[in-house]
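After this come two complexes, each holding chain A, first together with chain B and then together with chain C.
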Partner chain A sequence: MITEEAPEIAPAPAPAAPEPPRPAARRRRAWDEVPRWQIYLPLSVYLLFTLIPFYWILLFALRPAGSTSLVPWPMTSVHFGKVWNERSFGVYFQNSVLVGVATLVMTTVVALAGGYALARFDFRLKRGFMLALLCTQFVPGALLLVPLFEIFANLRMINSLASVVIAETVFQLPLSMILISGFIRNVPYSLEEAAWVDGCNRFTGFRIVVLPLLRPGLIAVGSFAFVHAWNHFLFALMFLSDQGKQTIPVGLNTLMSADSVDLGALAAGGIVAAVPVVIVFAFIQKWLITGFSAGAVKG
Partner chain B sequence: MTQHRSSKRLLRAGRALSSPHDRTCPQHQEEESRPMKISIRSSRRAAVAVALGSVLALTATACGDDGSGAAGDKGGEGSGTGRITFWDTNGGVRTDIWKEIIADFEKANPDIKVTYVGIPAASAQSKYDTAIQGGGLPDVGGVGTAMLAEVAVQGALDPLDARLKGSALDGKLSKNLLDSSRAAGGGDQLYQIPTSSNNGTLWYRTDLFERAGLDAPTTWSAFYAAADKLTDRGRNRFGFTIRGGEGSIAPALDAAYSQAGVDSFWDGDRTTVNDPRIVAALAKYVALYKKDTPSADVNNDFTKMVAQWDSGTIGMLSHNLGSYQDHLKALGADRFRGLPSPTRDDGTRVQISNPVDGLSVFKPGKNKAAAWKFVEFAVSHAENSKYNRSAGQIPANTEAAKDAWVQEAEPTKLAAEALNGAGTKIVQLPYYLPDWNTISKADNEPNFQKVLLGTMSAEDFLDLLADQLNKAQADWKQNH
Partner chain C sequence: MAQAAAVAKPPAPPGRRRASATPRRLPYLLVAPAALLMLGFIAYPVLSVFYYSLQNYNPTKPWRNGYAGFDNFVHAFTTDPQFWGTLTFSAKWVVVEVGLQLVFGLALALIVNQTFVGRAVGRALVFSPWAVSGVLTSAIWVLLYNSQTGITRYLADAGIGSYGTSWLSDTATVFPAAIVADLWRGVPFFAILILADLQSVSRDLYEAAEVDGASRVQQFRHITLPHLKDAIVLSTLLRAVWEFNNVDLLYTLTGGGPAGETTTLPLYIANTSVDAHNFGYASALTTVAFVILLFCSIVYLRLSKFGGGNK
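Let's turn to the complex of A and B:
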């Protein structure tokens, strides 16, 4: 029985006491006092404002070229066929998935290790290191293009997806490490100490005790890394030349020529690019919000 | 075993800490003891999967090259056989036609293979800049006059005068376009073999003009009259759409020089952009904004402008031949026409030089002989004709410009006649100035928006532009 085992556990330091929630009755009264329109009207306006561009994209993707109808009828899949087959979006999609997943895995693994070190160890210049991590966020990727290009060229990695994965991972790491260290700090250290007392080494203790508790944080950091790598254009454009290795954002840009734009194909390409991100967010939304609030660094 | 059991308890305690509800719910706690084994197994599996995934991902994404070939390299002629790399700087839309040309070339030259790389048009300049600094330049690539000076000034291009002189292409390329190419590269040497030219085109809706009883807008007077007559703001109908966003400066200057009849960009070392005749013409043109155009035009780049014209009820659009296929798809062949920019009432035609597309051989290339063979082939009669027919542009090869399709495609034919007409005066924009792109884009596009919105006068705008151009010209002269 769990209730009997509980006293064996080393007492953990109590987390900062959260503000007690307001009684349900008071919350309900406050809700009842506000006229409904004051809530729904701004929300509806905001929703409309947000959804109209998406509707516009759907409209252009699904209606035939030359139609000026405001509803996508008659509906056509010609634009999707064109981008997927003629414009090689099938290949770009595979490459983007590969880059996104590899960046997610590498960012999460390295950020976990780095975040653990930041959360659990004190070392000289730790504050300076944290500050340096934050400062890297202010450097735009474009500034580092030439040095990164030279490094990858020396490593014979130009025109390889690995160069994009590594560059994306490097740019994702500082923020991810800071976030993960926040999550790890929220897990009482005494839990790990108790695991060591029970015979675990540091890695096993971390894997069995801490890692499962970090799930919301890992999902938040991983999804953030995936979405960023999925959408990022610059590194893929600069480091990849082979048509068969390019990614979705580069493919989308090739749909806009210097003097002409096929809006139907562009809209269809936009939907192909957006769908995976929407699906990822739909599935992880719950953990994402928990993750970011739990990992927030307290000042 | 003991270790794991204790750890499980710890884990449960940790979870209880993180979830107050679980702590107070014994039923929930009992249920948790089962999934715990799964959790440990699954975390082990996850660790293995992560490690395996990382290895697989890096293996799958590795294998690249060193991207050699930066601006400092001198390159070499090579054997004239082997593999060369070609960058198409209008990738995507022109990919199919270039692949067709490459297939023809490889058939005619079985010992040369061409690697095609399509680059989005908007990012071509930055891709070249990075490759010039870091390496990875191609053997041959598309370099338009708009970026020619910036690429040439960094020492990345091979001069082509001598190669052209000894080539079958000599004497077969449009002299006007060769002059533009030479001027854009700085005037001394030829760094680009022109493939095609664009031309400013006034697209108009024939159905709306017929309904309003209007004649074709061939002169500026007819243009302004039609813009007024076709506008019905209450019914969301407009006579014209003006370009106020990205790329607005060249069309505005085209309209101003064309109306004013000023036929040179320089008067000695001073620019003519703030000549009183240009100021008056620009003020008249800008006054159309909101009177005969949609107010959203202030942010119009060509994409929005073309989309707005193709899907709405706007009478006229000033763009170039490049959007012909878009109009054809959207409106069909019978509802629009494309004319060269209007003339003055006395029939004088003045127009600014349009960007000339072309091919350049890159200095660091190690197989320049093969690269030049590709250039010669791509600009030959048959291939240049094929390319421009697909792109809807004016061929640089004079034999290709006489082909039947040019005579049948009215906008292209009229543009070619206007461009090569004896009475046409071309105002050469200073593409050779390394600062031209900065001055004509980042520095002055926001100012043109101010002019449209009425917060800056046309005169102040042009005076500012003239100051910057005069300074850039003086700097350039000092270095040449």
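Let's turn to the complex of A and C:
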């Protein structure tokens, strides 16, 4: 699919003849000077690459089994009913929502507390702690499956959603904390000090002055945590063996690893998995880019 | 560990600028939940991996359990027929993935950073695979690649290729097929990171360059690229580590097959521990992976000078 790009660019029309310089317009056009086709052509090619897979899964989810039509018509909801009831995606969906929301809340609260301390205090071993946070980025959860399994077995938490929530939270925390401390550092300390002068204690000052300003950042971090927990697969696969406790990615994997894959059910299950994430994504996209650029970890 | 000491030791005298009536314990109390969670569920598991790497430990063969010294490591580097293969494949996977993600992600970010009609919608659509999970990506591409009703069927209808081709079960095509599937999700991620940084390039610089008669290519080389350098270094390294560790996609898309052709080191470790229950050996392989990643982290810290900038 990638190689398609080359031949399509070659015959494209040459850029418009350079216009004579017009000093008055120059300032305004400085940013917009790029010829339109140089934007729309590569963008369309890339959009095709992005959207065909999405169309494909919709097609398979909506057309009757055995159909080879490239248009999902006549439309059927058979696959959704099947996957939701027979393949228990209804139960998986509930479990995934629980895991996602619990991870979101835990990650945001714990990271907010830690991030505030990192941003506003000098304390002993702070630097060491920040280094430890960074090093965890190189500790993959996938490689710690066995010891984590043993810990949760000792805590008698195997087959409980709490084990997955804890594992997801722990691996989300470091980055969330680094990001949040960056957001807090961007809020002038003098604002908080002014609140104290007005009679607030540290907590109410934080709540009234800082917290509202952190909204974009917290939305970015929280939704990141939710999406990760919603999507992540290995922890749920390992720690939840009881079928009634499993999450959507595990359900998808079960559908895929069957001897003869039911493509319609797989497609419908995939859409069930995608919908909440797409909704979250649509809401937060704007916040995400501003959030990341505000809290970006730079040297 | 460092975190425990941070909680237990008496606090440092408050900084000069930080004079307030706050109790000295406060920062420690605030950091404590995060520190405890990370101690219990990251630091302790890491230590236990190191411990088990020196043991024969297999719950299904308890009679052989016990101290093994460096046998596991020796086995990995000398007699294990799969170890070097998985390591080479990991390297190949990471280099190709991150390289292509950098090229396409950078291009995509530059395009959607322009002002044009339909930009908001274009951005949303182009970035949308970012949020799709590894397992769902696999599901989508399994549908696309399947031999009966996948893309190849329609290509064959149009006279390209032959019917019944399954890219995922052919050793010649499985690598590019898996790479493309992962790019589909990885490029938007990379583009988002770059785009976030592009927002902070001052427009004045471009206007000044424009006045001086710099072409767009020159502007890109002398303004945009130097500005993005840090972001590119950080993103590529983070992506490299992430791609190295990422198991979800290959586990579900190819299962490491056909014939072990697409088994990365972490996937091999997962199979060794989950299927073969050879926890001791899996721990030794994990330790090897850690050493490789530690090397990456040192490079990463050097390049980003992390932690030096906060006062």
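Please note the rule applied: the second predicted complex is superposed on the first by the 263 of 299 C-alpha atoms of A that agree within 3 Å, B and C clash if a C-alpha of one lies under 4 Å from a C-alpha of the other, contacts with A are read in each partner's own complex, and residues count from 1 in each chain.
Keep this in mind: a residue touches a chain if its C-beta (ideal position, glycine included) is under 8 Å from a C-beta of that chain, and two chains touch if they have at least 3 such contacts.
Predicted model, so just to flag it, every value in this text is computed and none were measured.
With chain A as the common reference, the superposed partners chain B and chain C clash.
Contacts of A:146 after superposition on the shared chain: both chain B and chain C are touched. In the overlay built on the shared chain, the residue A:78 is in contact with neither chain B nor chain C.
Of the two partner chains, chain B and chain C are each touched by A:261.
By the touch criterion defined above, A:121 lies against chain C but remains apart from chain B after alignment on the C-alpha atoms of chain A. After overlaying the two complexes on the shared chain, residue contacts for A:91 are found with neither chain B nor chain C.
Applying the stated contact rule after C-alpha superposition, one finds that A:238 touches each of chain B and chain C.
Of the two partner chains placed around the shared chain by superposition, chain C is the only one that A:43 touches, whereas chain B remains out of contact.
By the touch criterion defined above, A:58 lies against neither chain B nor chain C after alignment on the C-alpha atoms of chain A.
Taking chain B and chain C in turn and counting the residues of chain A each one touches, the greater count comes from C.
In the superposition on chain A, chain A positions 2, 68, 142, 145-146, 150, 238, 253, 255-257, 261, 263 are in contact with chain B in one complex as well as with chain C in the other.
For chain C in complex with chain A, the touching residues are 1-3, 5-6, 9, 11-12, 14-15, 17-18, 20, 22, 26-28, 30-31, 33-35, 37-38, 40-42, 44-46, 48-49, 52, 100, 104, 107-108, 111-112, 114-116, 122-136, 138-144, 146, 149, 151, 153-154, 180, 183-184, 188, 192-193, 195-197, 199-200, 203, 206-207, 210-211, 216, 230-231, 234, 238, 241, 244-248, 251-252, 255, 266, 269-270, 273-274, 279, 282-283, 286, 289-290, 293-294, 296-297, 300-301, 303-310. Those residues of chain A that touch chain B in the complex are listed here as 2-3, 5-6, 8-9, 12, 15, 65-66, 68, 86-87, 98-99, 101-102, 105-106, 108-109, 142, 145-146, 149-150, 152-154, 156-165, 187-188, 191, 194-195, 198-200, 204-205, 207-213, 237-238, 241-243, 250-251, 253-263.
In the complex of the two chains, the chain A residues touching chain C come out as 1-2, 26-27, 30-34, 36, 39-40, 42-43, 46-47, 49-54, 56-57, 60, 68, 70, 110-111, 113-114, 116-118, 120-132, 134-140, 142-148, 150-151, 166-167, 169-171, 173-174, 177, 185, 189, 193, 196, 202, 227, 230-234, 238, 249, 252-253, 255-257, 261, 263, 266-267, 269-270, 273-274, 277-278, 280-282, 285, 288-290, 292-293, 296-299.
Of all residues in chain B, only 2-4, 6-15, 17-18, 26, 29-30, 32-33, 39-40, 43-44, 47, 50, 53-54, 57-58, 60-68, 85, 87, 90-96, 115-123, 126-127, 130-131, 133-136, 144, 198, 302-303, 306-307, 310-312, 319-326, 329-332 touch chain A in the complex they form.
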